[in-house]
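The following blocks contain the structures, represented as structure tokens.
There are two complexes below, and they share chain A, which is joined by chain B in the first and by chain C in the second.
Here is the complex of A and B:
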């Protein structure tokens, strides 16, 4: 009798996640990519033909807005990620090293609490704070500190402020887990060998937490570059991102093919940045690829 | 002991008995009309009063989609079994839909008898389907900022309003698109004079832009802007108990029409019911109910509104004559270029 290779139990456990990934990412992405190479919807329009015109439209950018929108998307994503890391890392480090269980639980609740409110609601809250007649500008003008409103909203600044507020919890939660697993005795050993607090952190804790920095940064970057609601509400005339353009193409220009091409371009550019970021961090950590 | 055959037989019998009174079986015999409709106050009135009455009278169920945008969903559904039987949108989207063969070209009195009673604008050559209501797009303004009631579209360009005027993200909002065409008429040779419109748009900077009218209402109410492009309904609804220091002005050059258009999908399996629904929506009593709920001007000439609504809405041939209907077919054909141009103008 021949032995038939049977899938391991772990394969059965992974199967549902694999199926979800195929059904809700691979398949839709394949359809979107295929659509981006058609002039129309080949299912409902028999005259639709294969074309590269949507990609040419983006590459040659005769309209003069698409390259700027891509750069604006990446710039907002990078700045949001950096600021979230700068705010999130100290908080995550503090949480990970906290001895009090109650204190840890309270800080964790404080970090998670904003996530219990919808993004639209949080963005509207920021609008009431940052707009020209908002809390900050009205207060400053009433106190006579400024004569006209500060430009806190309808620009990239306001967009990034709101995005950072929304995505910092993702950074903190990712980093807390990684920093919490770093053996504190390593840092103590470094200090007992004469390293100062800062040097021990820079040479021991920080390199060991690079996987967390990578994971948190990628998560926040991915969420920021795909954000639609917040840039739309906070950005005014100054902000035009690729997700906004994609929504325009689908929702009001009724051109899903060009929207598909923009989606593919955004994914490819983002993947290139992620690979480069991974390699830079791996080099800094002195190892190979980290993700 | 019960045999397997006996058990099966009794099971089938019980199932048959149960199905006699089962609502799901009865439901399957009832026709379902799939429509699109707005949310907000309009949606509340539709769901509470208008649709239940229609379902009762026509012995059907109505499935109403309020999740905008509707056209992309219709685009991907099979033409011979569309996701909607009746498409309710503003006029420009109907023009996009008709180009792709997703809706009928015209609705006449032959299919919908009440079409015989509508104002000419409701079935004009600028309309695909039939208009059931219209709003007037003009200027909303704060009455507590010392501003004179604007009499011209040019009032929006007053330098005093720098940073305190409101408009729309033109690529995504039909009020913004209509306003752009109006700038061509006011500052140039007509609605299609895009060069004049672009120049006038540039002169409106700095301007606060939003992507839907609800946001413009909020900006006016919070005094974030002192004057903005808006439809009359978006201002008049704050009268009475909701009184706010805002008012609506109809510029002397004319107001732009923001039509609520109904149309039938050619592949609908319940076309007769779809026509009956449009006819029902054009009935004077239904028109009056909705018009007074949301301050829309009814398309049916026979509708008699209460005095306070009648005074402000477009309910006479003379008032209706002030409506300007944009040529959306012309606009949509140039849309890509216009979107790119206005985005560049307004950015920064």
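Here is the complex of A and C:
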């Protein structure tokens, strides 16, 4: 460690990226954190003073909306994660166990293609499906199954449906890697010992894929609690999440200091999740011999 | 799962499994197909089932100066981001893989971290930094922000290629008398090119579809396409949005095909 591996001249190639990251990533986040402890803009306003009042405003929540916003952010994230897991697991299992290379490539393409379609576009797609005059309500009314449109959008339900659609590919890709690494012969052995297909799955494959389930869930949770486009378009006036609150503070209330405090709070929540995610991935990489 | 000799003619469990997966695939793909239907539907509001085929929404989209300005701005920003992030990202990946740097794992994690931090916070932090330093909201500030979130993709795809290739090829070239510079340009660079290009394609898409990072960094009349679409959708849901969506989707699909040709999609699945 001492003098065996000295940095080679190639190491200098890291400089441009380092510069960009310090100037446009490290510094801005430092500025955001500092701003959250100031009463105003410390550069233009000489009277700006250090304060913790933005955090107090959030913690004591006299307006009565901040705790509810935090809670609904977490609730939407949690439900989105659970549904993504239920939808993503069968697809990932199918993909990981598929014999045909062509079939595998096609399914993979089908999973990745939505990922490459912007969030705004995919949210629009769900608006055309779920709105009062959308595909589902029109069809159901034409068939005479319902009298008036079902409230599918401008609420938490619509928000979660669209979020699941947007983030389920991340779940599938994380799970496929993990399930693919589980030796298929373990399941076959269980079955030849008399276990049914379902039992072999529940008692062998499912427990072995648990780290993948955790990693995928944390990823989807971290992504969905920081979503802005989908809740603000699909949620209507019913849904207020932390990212929406931040955008409000910047856009309409023009209170960048309070926005900074909300940003720090959201950052802490997601960093905690990311640390857990990395722990699990590291254990996954280290524990390959368990199968 | 390989064809067992005593395979039964009809396997209900297997059929249910396949049907469930077909249904889930439909859930993934149908919404995108529906956008196509609405883009070609002639009625002034979203109506279902479609009543005909028309290109009027594409005409409206391509005829609107607001949309066109936004489209060109997005394409321009994404192109600059593509070039910048290829150069910065590939250099960084080479340094990480070949530079014998101390604390490599930590550095790699650091350069990946824009993907871990909520994108809307990256936008907010940059907005605050620009505000405090009095820069305002220039286009280069937006390009820098997009480059920051695009570079990790280039680093990741380039690192994947660098880990897979045989270093002995470079050593052989050096043994045969090539100078380090020549080895770099004639051996290393051609070998990592597919990874760098693939990363560049992601960088382009990440910038072109970028919303959360752009939200606080664009100025009125200087908004990128996703921001314009978002603002439009708050009040109006007509076919012009569908047409704009189709243009983005076609772009994304052609990119997927390019990717598949360049490296095969498998290399990308290592999330």
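One rule holds for everything that comes next: the second predicted complex is superposed on the first by the 238 of 291 C-alpha atoms of A that agree within 3 Å, B and C clash if a C-alpha of one lies under 4 Å from a C-alpha of the other, contacts with A are read in each partner's own complex, and residues count from 1 in each chain.
Operating definition for what follows: contacts are C-beta pairs under 8 Å (C-beta built on N, C-alpha and C of every residue); 3 or more make two chains touch, one makes a residue touch a chain.
Note that the structure is predicted; figures quoted are calculated from it, not measured.
**Q** After lining up the shared chain so the two structures overlap, which partner does A:131 touch, if you call chain B first and chain C second: first, second, both or neither?
**A** In the superposition, A:131 contacts both chain B and chain C.
**Q** Using the superposition on chain A described above, determine whether A:41 touches chain B (first), chain C (second), both, or neither.
**A** both
**Q** Give one of first, second, both or neither to describe whether A:64 is in contact with chain B, with chain C, with both, or with none.
**A** first
**Q** For chain A, which side has the bigger count of touched residues, chain B or chain C?
**A** Of chain B and chain C, the partner in contact with more residues of chain A is C.
**Q** Thinking of the overlay built on chain A, is A:121 touched by chain B (first), by chain C (second), by both, or by neither?
**A** Only chain C is touched by A:121; chain B is not.
**Q** In the overlaid three-chain picture, which partner chain does A:154 touch, first (chain B) or second (chain C), both, or neither?
**A** first
**Q** Is A:25 in contact with chain B, with chain C, with both, or with neither (first, second, both, neither)?
**A** A:25: touches chain C, not chain B.
**Q** Of the partners chain B and chain C, which touch A:253 in the superposed model: first, second, both, neither?
**A** It touches chain B, and chain C stays clear.
**Q** Which partner chains sit in contact with A:270 here, chain B, chain C, both or neither? Use first/second/both/neither.
**A** A:270 sits against chain C, while chain B stays out of touch.
**Q** Is A:240 touching the first partner chain B, the second partner chain C, both, or neither of them?
**A** Only chain B is touched by A:240; chain C is not.
**Q** Could you tell me which stretches of chain A are touched by chain B in one complex and by chain C in the other?
**A** 41, 43, 131, 133, 233, 247, 250, 256
**Q** Can you list the residues on chain A that touch chain C in the complex?
**A** 5-8, 10-14, 16-18, 20-21, 23-25, 27-29, 31-32, 35, 41-43, 87, 90-91, 94, 97, 99, 105, 107-114, 116-129, 131, 133-135, 138-139, 165, 168-170, 173-174, 176-177, 184, 197-198, 219, 222, 225-226, 228-229, 233, 243, 246-247, 250, 256, 259-260, 263, 266-267, 270-271, 274, 278
**Q** For the complex, which residues does chain B have touching chain A?
**A** 69, 71-72, 75-76, 78-79, 96, 100, 163, 169, 171-173, 205, 207-209, 211, 215, 222-224, 335-337, 339-341, 343-344, 346-348
**Q** Can you list the chain A residues touching chain B in their complex?
**A** Of all residues in chain A, those touching chain B are 41, 43-45, 62-65, 68, 131-133, 149, 154, 232-233, 236-238, 240, 247-248, 250-254, 256.
**Q** Which bits of chain C are touching chain A when the two form their complex?
**A** Chain C residues touching chain A: 1-2, 13, 17-18, 20-21, 24-25, 27-29, 31-32, 34-35, 38, 45-49, 87-89, 91-92, 94-96, 98-102, 107, 109-111, 113-114, 116-122, 124-129, 131-134, 144-145, 147-148, 151, 155, 205, 208-209, 211-212, 215-216, 226, 229-230, 233-234, 237, 241-242, 244-245, 248-249, 252-253, 255-256, 260, 265-266, 268-271.
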